[in-house]
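In what comes next, chain A is part of two complexes: it sits with chain B in the first one and with chain C in the second one.
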Partner chain A sequence: MSLKIMQPGLSTSIQDLGRPGYFHLGIPIGGAMDRFALRVANMLVGNPEGAAGLEVVFMGPVITFENDALVAVTGADLPPKVDGVVQPGWTAFEIKAGQTLSFDFLKSGARAYIAISGGIDTPPALGSRSTYPIGALGGLDGRNIQAGDVIPLGEVDMIEPGLHVPADLRRLPGNPAELRILPGLYWHRLTPAAQEGFFADDWAVALEADRMGYRFKGGKPLEFVEREQPFGAGADPSNIVDGCYSYGSVQVPGGLEPIVLHRDAVSGGGYFTLGAVISADMDLIGQLQPHTPVRFKKVDMEEALAARAARKKMLADVRAHLG
Partner chain B sequence: MKTRYTYGGDEHIYVEMDDEMSLDAFFKSLSMSNAVRDAKIKGVTEICPANASFQVRFDPDVISPDEMMAKVKELEHKAEDADKRLKTRIIEIPVYYQDPWTHETLMRFRERHQDPSGTDLDYAARINGFDSAEAFIEAHHSQPWFVSMVGFVAGLPFLYQLVERDKQLQVPKYLRPRTDTPKQTVGYGGCFSCIYSVRGAGGYQMFGITPMPIFDPEQKQSYLSDFMVFFKPGDIVKWKPIDRAEYDRILAEVEADTYVPRIAEVDFDLDAFNADMQGTNAKLMEALHVA
Partner chain C sequence: MTQIFSPVPGTFYTQSAPGEALFKQPGDAVTAGDVVGLVEVMKTFIEVKAETAGTFGAYLVEDGAAIGAGEPFAELKD
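Let's look at the complex of A and B:
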């Protein structure tokens, strides 16, 4: 049971739900940028929600199947095609041995998730198949997929095709996208005017937007509360004594362009962070294209937890819908 | 030293023991993060100690952030009462200072540096008041270092030198980070030295390179057979300057998977160290040569 990669696309990687437990050694949590989409894709083809699939960025791969399989594509609107015939997204469809899966142009979003019945069965590294190229961990030989790769699949009892997730059970960012942030961490380093300006300004996704982090531009530079820099922190007012970075934390080197740290981010460093994007909104970031307008919205812990519960309920609704 | 507690989004608690670096802050952070680990609080998924702070990741569906915060705060007194003693190891790390590979890289990124006219070492020597790069190198390797954090990328150690505050070497990071750093570069930023475990982006000044791998997912070296990451917080490091011939010799051993670093078990007592730094360091370094 395997797939043959004819063309890899722009940046296609094997991802599951990640590799928690090694962050204290600088090994990131990894896993799909839009975990909701990966979970739903797996549900559609009858896999466990955490099975490994392919994360596709902007441009789809071309894949030939050696065996019959059930496939679902979720996340970004990147229309899948079987031997050139367009298939619906967020729907399980059949593909026969010898047929080829390819993709039309991206219509919206940034990352599509391909789940295949049986799941990708590459050897796990530290408990996960997620690809972390910097550490040469996971995936196929620790790297993104390339033309000519043969990717092993797990054994499976195929379920029927045709399962579908309607639009009201999908979650995609708006335009402008709104990202909710809980201030904290080194928030006190900013002046009250900078704190206010950060949430009032219009931002847009910059070109440097990948699995490590998303950079934003367009807002005013942030001013810092004046102080003598603490010993060991470094001279720039945005420097701190190197500490851990929270998943979703927002660093602003030099006070200029905010960067939201994502699944493959460095685990720590010497830049102040002003808080973190709430857990409920992290999946949305994975669907943002460069230049997308973005507003940051300030929330408190109660609102963050309510949003988290709403997201959990949505996943439960999808499970209930799919039976 | 005043402890500061804050949230990192809805899944992290961040505890800063002090906003400046010191071994006291490091020991308190390590003790307290150990106390949190030992408390086995339900819902905790990761505990990450850092130089003068630590972070707890938790699942707010299992334990509410308020409750989690209260449980972490309760453990502060344990950190204050804890022994400032560690059973640890000292490791001799060979360093080829002023090597051709970091030199080629630093020349390639010269326009991102504070002083494009010289090398990173010339600059570091000058701003720390040394007459020459050689004198600065001497200060860098003559006294041992403490691994105060592991992270950034896979298995990268941050190291803090075991000397008085007024003898600490300090250098800023590059004005703009490089997009490339050779694997196993010995770097410097703020008051910390580091070893880049993998090739990649970096902002620390580059002083040299070690032939000794410190991260390997294939775990080919004997000293990486237990785990793919070599360092852990609390390790003590002594840099050993080497020349090109020795670098090549060690590299050949590394390639044959036969390299064995010099390592000795030692005890480190913070109070004893604070009372007699030179004496404590001399004893630590002696241990490398009796083992």
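Let's look at the complex of A and C:
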């Protein structure tokens, strides 16, 4: 059971739900940037939710199937085609041995997730098949997929095609996208005017936006409360004595362009972080194209936890819908 | 009239680097496989090639402008 990659797309990688537990050693959590979409894709083809699939960015791969399989594509609206015939998204469809999966142009969103019945069966690294190219870990030889790759699949009893998740059980960012942020340990480093301006300004996704972090531009430079920099911190007011970074934390080097750290981010460093995007909104970031307008919204812990509960409920609703 | 589309969202360029000649001028002959545009995204520059031959008509998107996936950026006269 395997897939043959004819064309890889722009940056297609094998991802599951990641490898938590090693961030303190500098190894990122990794995994799908839109975890909801990967979970749903797997459910549609009868896989465990955490099975490995393909994360496709902006431009789809071309893949030939060596065996019959069920496939579902979720996340971004990147229409899948079987031997040139367009298939619906968020729906399980069948591909026969010898047929080719390709994609139309991206319509909306940024990352599509391809789940294949049986799941991708490359060797796990530190408990996960997720690809972390900078660390040459996971995936196929620790890198993104390339033309000519043969990707092994797990064995499975195929379920019936046709399972479908309707639009009200999907989630894509609005325009402008709204990302909710919980201010953090270094919030006091900003002047009151900068604290207010950060949430009032119009931002847009910059071109430097990938699995490590998403950069935003367009807002006013942030002003810092004056202080004598502590020993060990750099001279720039956005520098701190090295600290830990969390998944979702927002650093603003030089006070200029905020960067939200994502699944493949470093775990620590010397930039202040003004807070973190709440866990409920991290999946949305994976669906933002460059130039998308973005507003940041300040929330407190209570609102963040309520949003997390709402996301869990939506996942439970999908599970219930699919039986 | 044939249009050429960007496969990815990003920033569109009509030449390989600032100060270089445009990939194509109106009236230039285009052969399938010729580079006709450049799109920058995720720290990567993607060359977009013509899939058919023709005569270059015009760019539809300005140099340095934002472009969407599937958006046409140039026209060929058949």
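To be clear about the criterion, the second predicted complex is superposed on the first by the 323 of 323 C-alpha atoms of A that agree within 3 Å, B and C clash if a C-alpha of one lies under 4 Å from a C-alpha of the other, contacts with A are read in each partner's own complex, and residues count from 1 in each chain.
Just so we're on the same page, contacts are C-beta pairs under 8 Å (C-beta built on N, C-alpha and C of every residue); 3 or more make two chains touch, one makes a residue touch a chain.
All of these numbers come straight from a predicted model, not from anything done at the bench.
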Checklist entry - Who does A:Leu169 touch here: chain B (first), chain C (second), both, or neither? => result neither
Item to check | Touching partner for A:Met6 - first (chain B), second (chain C), both, neither | outcome: neither
Checklist entry - Which holds for A:Ile27: it touches chain B only (first), chain C only (second), both, or neither? => result first
Checklist entry - Counting only touches as set out at the top, which of chain B and chain C does A:Ala306 meet: first, second, both, neither? => result neither
Next on the checklist: Applying the document's definition of touch, where does A:Gly275 land relative to chain B and chain C: first, second, both, or neither?
Outcome noted: first
Checklist entry - In the superposed model, does chain B or chain C contact more residues of chain A? => result B
Next on the checklist: Contact-wise, after the overlay, does A:Ala233 reach chain B, chain C, both or neither (first, second, both, neither)?
Outcome noted: first
Item to check | Which superposed partner A:Tyr247 touches (first chain B, second chain C, both, neither) | outcome: first
Item to check | Touched partner set for A:Met158, first chain B, second chain C, both or neither | outcome: neither
Next on the checklist: Please report the chain A residues shared by its interface with chain B and its interface with chain C.
Outcome noted: none
Checklist entry - Which residues of chain C touch chain A in their complex? => result 5, 7-11, 40-44, 46, 66, 68-70
Checklist outcome for this item: Per the touch rule, the chain A residues reaching chain C in their complex are 10-11, 57-59, 104-107, 110, 207-210, 289-291
Item to check | For the chain B and chain A complex, residues of the former touching the latter | outcome: 6-12, 14, 16, 18-22, 45-55, 57, 60-61, 64-66, 149-156, 158, 160, 165, 168, 170, 172-173, 189-192, 197-198, 200, 215, 217, 229
Checklist entry - Which chain A residues qualify as touching chain B in the complex? => result 20-21, 23-27, 125, 132, 134-137, 142, 182, 184-185, 187, 230-236, 239-244, 246-249, 266-270, 273, 275-279, 301, 304-305, 308, 312
